[in-house]
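Residue numbering begins at 1 within each chain, and the chains themselves are lettered A, B, C, D, E, F, G, H, I, J, K and L in the order written.
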Amino acid sequence: MQITPTGTLRVSVIHGPNLNMLGLREPDIYGTDTFDDTNRKIRDHARSIGVEVRITQSNHEGAIIDAIQDAVSWADAIIINPGGYTHYSIAIADAIRAVRLPAVEVHISNIHGREEFRRHSVVAPATAGQIAGFGTASYLLALDAVRHLIMDAKH
Amino acid sequence: MQITPTGTLRVSVIHGPNLNMLGLREPDIYGTDTFDDTNRKIRDHARSIGVEVRITQSNHEGAIIDAIQDAVSWADAIIINPGGYTHYSIAIADAIRAVRLPAVEVHISNIHGREEFRRHSVVAPATAGQIAGFGTASYLLALDAVRHLIMDAKH
Amino acid sequence: MQITPTGTLRVSVIHGPNLNMLGLREPDIYGTDTFDDTNRKIRDHARSIGVEVRITQSNHEGAIIDAIQDAVSWADAIIINPGGYTHYSIAIADAIRAVRLPAVEVHISNIHGREEFRRHSVVAPATAGQIAGFGTASYLLALDAVRHLIMDAKH
Amino acid sequence: MQITPTGTLRVSVIHGPNLNMLGLREPDIYGTDTFDDTNRKIRDHARSIGVEVRITQSNHEGAIIDAIQDAVSWADAIIINPGGYTHYSIAIADAIRAVRLPAVEVHISNIHGREEFRRHSVVAPATAGQIAGFGTASYLLALDAVRHLIMDAKH
Amino acid sequence: MQITPTGTLRVSVIHGPNLNMLGLREPDIYGTDTFDDTNRKIRDHARSIGVEVRITQSNHEGAIIDAIQDAVSWADAIIINPGGYTHYSIAIADAIRAVRLPAVEVHISNIHGREEFRRHSVVAPATAGQIAGFGTASYLLALDAVRHLIMDAKH
Amino acid sequence: MQITPTGTLRVSVIHGPNLNMLGLREPDIYGTDTFDDTNRKIRDHARSIGVEVRITQSNHEGAIIDAIQDAVSWADAIIINPGGYTHYSIAIADAIRAVRLPAVEVHISNIHGREEFRRHSVVAPATAGQIAGFGTASYLLALDAVRHLIMDAKH
Amino acid sequence: MQITPTGTLRVSVIHGPNLNMLGLREPDIYGTDTFDDTNRKIRDHARSIGVEVRITQSNHEGAIIDAIQDAVSWADAIIINPGGYTHYSIAIADAIRAVRLPAVEVHISNIHGREEFRRHSVVAPATAGQIAGFGTASYLLALDAVRHLIMDAKH
Amino acid sequence: MQITPTGTLRVSVIHGPNLNMLGLREPDIYGTDTFDDTNRKIRDHARSIGVEVRITQSNHEGAIIDAIQDAVSWADAIIINPGGYTHYSIAIADAIRAVRLPAVEVHISNIHGREEFRRHSVVAPATAGQIAGFGTASYLLALDAVRHLIMDAKH
Amino acid sequence: MQITPTGTLRVSVIHGPNLNMLGLREPDIYGTDTFDDTNRKIRDHARSIGVEVRITQSNHEGAIIDAIQDAVSWADAIIINPGGYTHYSIAIADAIRAVRLPAVEVHISNIHGREEFRRHSVVAPATAGQIAGFGTASYLLALDAVRHLIMDAKH
Amino acid sequence: MQITPTGTLRVSVIHGPNLNMLGLREPDIYGTDTFDDTNRKIRDHARSIGVEVRITQSNHEGAIIDAIQDAVSWADAIIINPGGYTHYSIAIADAIRAVRLPAVEVHISNIHGREEFRRHSVVAPATAGQIAGFGTASYLLALDAVRHLIMDAKH
Amino acid sequence: MQITPTGTLRVSVIHGPNLNMLGLREPDIYGTDTFDDTNRKIRDHARSIGVEVRITQSNHEGAIIDAIQDAVSWADAIIINPGGYTHYSIAIADAIRAVRLPAVEVHISNIHGREEFRRHSVVAPATAGQIAGFGTASYLLALDAVRHLIMDAKH
Amino acid sequence: MQITPTGTLRVSVIHGPNLNMLGLREPDIYGTDTFDDTNRKIRDHARSIGVEVRITQSNHEGAIIDAIQDAVSWADAIIINPGGYTHYSIAIADAIRAVRLPAVEVHISNIHGREEFRRHSVVAPATAGQIAGFGTASYLLALDAVRHLIMDAKH
């Protein structure tokens, strides 16, 4: 990893399909935080630990790939919740491999304890690590995790 | 289901990828009705049974998810032919789960009697029911089916 | 299909095992309509669309095969809910293939959203199409579907 | 379970295919007790613990389903050895689910230690429990087990 | 095998489901000989080689098991075409095991060159051998095969 | 089996991992009897039928194997509930094979009707039989079953 | 099949690997007839039914393919026992497809009742039919079967 | 194939997701040619063999389907590198089937020698042929291959 | 969750097999922090966020189960790295289910990007969430995650 | 790759089993070019692009391995159509790995669009790339591909 | 491998579960040598070739892992018979990986020719090699193998 | 085993495909000993322990089978490294079964730790034991192993 972060860390946070429905969508699984609440928490926590975030959401697999490719020009790392694409989007995994930025995969629910088809992530082998099951707090933990990754890479 | 349809029933009819090629595309499998013929039949039948339809088609998985999410603001039900996405789009299935509208899955051909990979629908567990194999009449039957679903829900 | 229906359409409606328990049997899955209610609805709807039906039910796989074979002498089409046999009765599927009548597979519940073993129908490849998930209304939709099949075959 | 057994417990004992051949059939696997011996033992033990039994045997899957459905009108519980049907008869399993009586699955041999295809029971998920491997004594243990089930349900 | 055939050999020929439709049923697969033609050929050939046959056909799995069990009292061998039951009837296989008569499995078509699900016979492990693919002549070859089996057993 | 029990029958009852949590652990699955209750019932029933029991429990796979090996010096039979080890401990199964004592596998819940991974027992092929699904009464039935096994072996 | 056999029928009989060891090799499975005995029986029976045979044996997959290709210039049909190659030699199957001669697959033992890996023949889909399980008599039955095949083709 | 190319051959070259990253993306796998280099080579080679090409790239599955459908109005053939979509996009395969133009599937790396999930192409059954493993030269070979396909179709 | 943490949060941190070898063991996968370094970091971070930790390590599956059961008497939550047991210890998963404490599964490496057999955790369905891939920082993130879990449970 | 081609490139072209039957063999799949036609085309094209070819064909897996090993002494590259061996000959794949010459795998038909068992090549992981589906032109494209491979290796 | 054996080679010989039962345990599979006989043979042979051995046996998976870890402080190599743990103990395999000592896996019986579940060793990928099937002589061969491994490492 | 070795033991050592390339072939996997070096070591070691060896190598599966069959006339045992044929040659396994000589399977590399397809040997069930992973020393250990096998057979 040839990253040399000077000063602030820049992170691209990418939400996959249906995450814009947060709060409305199956609240017993995904909790009651709305999408706006979640992003506000992300921004607040990022600011508090000196991280600059840009947040995007799309239902379009291609748009998510575009966002990953865009990150290469400005970001130090990627936090991505690939939503339903987690389980089949080899194209998203390839995009992460292509940009060679450290990436953290995030899931609101504990995908490893749900339906069989949700327990396998094709995106995971392209990322540094995964955080799943802590509600919207998974994103906040991911921000902290990115810091650990970048610091470890510097040493 | 907390739906309380007053007067006309509103249904979002969503055609997935390649359905715009109907009539041109493998007519021995999909029949000779064109896409326009099919939509005209859908509109005629809908009108005759007092249903208001809005019809969309897209080759883009993301656009189909957008359409499903849009339906939540005005429609009482969804009729969807996910085309090729039927067999892998967990993201479309998640969108249907997220909007919590009754949905009917439609297929022009009898997918259960075709190639092995077409016999499994990842979308099906998110829908109320499935109609497959009756050519473009599958859509007309789906309109009737929606009425049955809503009525049963009211009782 | 060399069928030339003159005047009324004749349809053999065949209920598989345990459907005689309708109304009593797991009502959260199969609804509260009794077997008699269901048959009355089928007869009423058939009459209203000019279809003559004969209805049989058996728990015996062999009796169901017999009924399919009998249909060849008088019926224009078959509507069949193979019940539990759906998932393993190659013999029933072979019977449908043998008589070469258009057949519609019906299920009260949405089998594609239930236990894994219920998502695969060995009967389906022998039929024209499938209707599943609309409660006992699935049978009524199947009657309409048969009309579409016969009409399409005539054109 | 809404069962309120007053006085004697009534149990329907159902033998599946080929059990009428007991004693003649592969005695190294199924033992030397004949079918009549077995039923006499069942009746004796039932009488000794105050249980009234009715015993049926059939090679016909449909007849077994009929017997299960009949039990609903008079029996408090079912003891069933589904024989070869154990491994594929979803229809028998559905019948047990339909009648909602506590059922005990019995096997003379230890099916879990025989050929791979005998180790999986599709009937089991519909029953309360299973007793396998104790020769014809499996039936006697099942009678005792039924008593435990009914008593636990009463408390 | 403790068989001591004195004089004429007696063989039970058992046809499984849908074989009564021979000649009408998918003639490109099963040929144009009718069921009666086939049985006449079987009787003629049996007579010419000094074999006494009794022929039964049933669509009922249970009736086929009954017929196998009946054979034990008079027949020296069984010839069986289990039809669609070939692929799942463990109960029929168990019946053959139970009666311990030499059995020949017959198929009109070459099941090993058809759909995947037809390539596996659960009945086969219970039989002495299999003849498949020679049209209705498969039965005639099976009669000859039975003679070879009995003679080899005598030596 | 060269066992010649003179007088009292001695049985080693071995509880696997987490069974010491009985009563506290998922009571809807495992019931409300505590571990002490269960052992008291086992001892009472054993005494009433003239069986001497020694009861051990361990969360350690190795300790369970040790207990099985110890049994060889004093016990006539083993009753074992391998708990979670049921599904993968080939080492426990090998231990039972090594000591060559008749063993009965016990489960409180009906493992064949629970999650897919609980439906397969690697221990089963090493035992004489299995009793599952009758709550803590499964152990009492197992004591009776042991008696049947030993008696059958004597005849 | 454009075969016009004039006068005598010519058949290439091809023995695969290890069949030259017949009589020596696992006699409980393959019988006590030696390879020479078997060929003598084949020649005798062929002569008696007016068939000219040429017999080859090879342990070499390539030599078997060569023999199949050679047959195209003189034989009316092929009888082949592919031995161990049965289960993986797509190349032998392709050779049979390439020469387009009717072929009969022969096995001495009932391969469908042996180890799992012996139950699947990759050669079968390229042949007209299969005869298995009748000891060396399987070859004699195959000679008769060839006659049936050619006669049916002529009608 | 009813194609009658007069004069110049027109080919639609479609690059799938992440191919715009060529040169930057895992150069040990995909080489050091940039995306622009690659397209220049394609254009140069096309010109030299009298082929007119139009080149598109998209990360969006839907846009790729749109491009395939657009080709029907002007192109004689399609060259497509579906990138990561190769392994799951039944929708892209269906689009190729729908337009019925000869298509060549191209891969820069030898997908058959990489991770297991890359060895299976769901797009392949819809194409005429595949060229994989020759770096960006795969595209140039595909242009030549298209010429062979069209010429063979003309003869 | 009936947890009512007053003041300090108590967490049982359980290290599975081979984690005592940290620093020595495959440092390219598991990093260069020793076991003692890791525990010191855990204690420091716990203290800084007001969490009291007790740390145990064992190579014994049974000892890990014991530790989980012990936690029920004093801890508010469990952090567990099951090491190699992750992939088969149903007994550890059952222990977590039995104690009903919120648990966080931790992995030093990103198991989802390693060998196939490491990508599936049988422990996961029993936990609230998972953190994997961040070196020994995974434990620190898990401490934070526990706080989020407990706080969410309180609201 | 330590190849230093001076002047002419030398290529060993190896045809696998049944390719000598070209033109006669299933012409709808493999075309009407005979084996001699094909080799003439190969020689002509090779000469036109300055490549020296030696062509061998064998039905013998061992002879193909011999040919691959021979190539090491004189050839710069290998073009191989392994025919039916493609799908199981690990020994041929190992031979290619052993000689460490760049190899191109050729198929006349598009194996990825045929029967399931033809879609997997065990030889592929040992080669540089694959060309499939262009009839006998596949060989000509392979000759060009070899030139690209060698040239890329030189740069 | 940074091993620099000076003088005597030290080897830790670790016996897994149930090996203490040798001689008593299924002697047709494991032979009649007792555990003590076996260890005496090991010690004798070790002495004769100048190897110092320490022998441990445990039924406890954790104790085996402890023994592997202990070896790191004094042994040059490990000889391990993981017994039943062979087939699932990823934790033992990880321990061997962790200590980075050359290890030889030993089996008394030929596990590759026994039940399907015994043919796969999860421990094998962590070892240098395997010796199976030579009775207790497998251990003696392993001692010789260790010498070969160390000597090869020195060159 | 009816072997009565008088004086010298005679062993047929058979090398499978590509082993003649030893030393040249992937030396990181197979080592740097050439084929001649290896055979010299085998002969030296054999002489030193009083074993007479005959060594053959072939790339031809059929020739390997021939060699196995030849051994029956003079050898007391077989040592075989089936190379790539290990994983699919049922015909070689059958040949070993046919000759009924004790056989030892040898591999230079530890096949159980390599690619998935190399971990399964279809030859193994036909052999007495296996030695894998010790470089060319595997052959020397196999010679010693043969002595153990013959001696054990004598006792």
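Rule of thumb we're sticking to: a residue touches a chain if its C-beta (ideal position, glycine included) is under 8 Å from a C-beta of that chain, and two chains touch if they have at least 3 such contacts.
In this text, all values refer to a predicted model and were calculated from it rather than measured experimentally.
Number of steps on the shortest path from chain H to chain K, with steps defined by chain touch: 3.
Of all residue numbers seen at the chain D-chain F contact, over half occur in both copies; the interface is built from largely matching residues.
Looking across A-H, G-L or A-I, the interface that copies D-F in more than half of its residue contact pairs is found at A-I. Chain D and chain I have Cα centroids separated by 46 Å. Mean C-alpha position of chain A lies 54 Å from that of chain L. One inter-chain figure worth recording: chain B and chain J are separated by 48 Å, centre to centre, where each centre is the mean of the chain's CA atoms. The set of chain K residues touching two or more other chains comprises 60-63, 88.
The list of touching chain pairs reads A-B, A-H, A-I, B-C, B-H, C-D, C-E, D-E, D-F, E-G, F-I, F-K, G-J, G-L, H-J, I-K, J-L, K-L. Across the complex, chain D meets chain C through its residues 60-63, 65-66, 69, 88-95, 97-99, 122. Residue ranges on chain L touching chain J, taken from their complex, read 16-18, 20-21, 24-26, 58-63, 83-85, 87-88, 117-118. Residues 31, 110, 112-113, 119-121, 124-135, 137-138, 140-141, 144-145, 148-149, 152 of chain E are the ones that touch chain G when the two sit in their complex.
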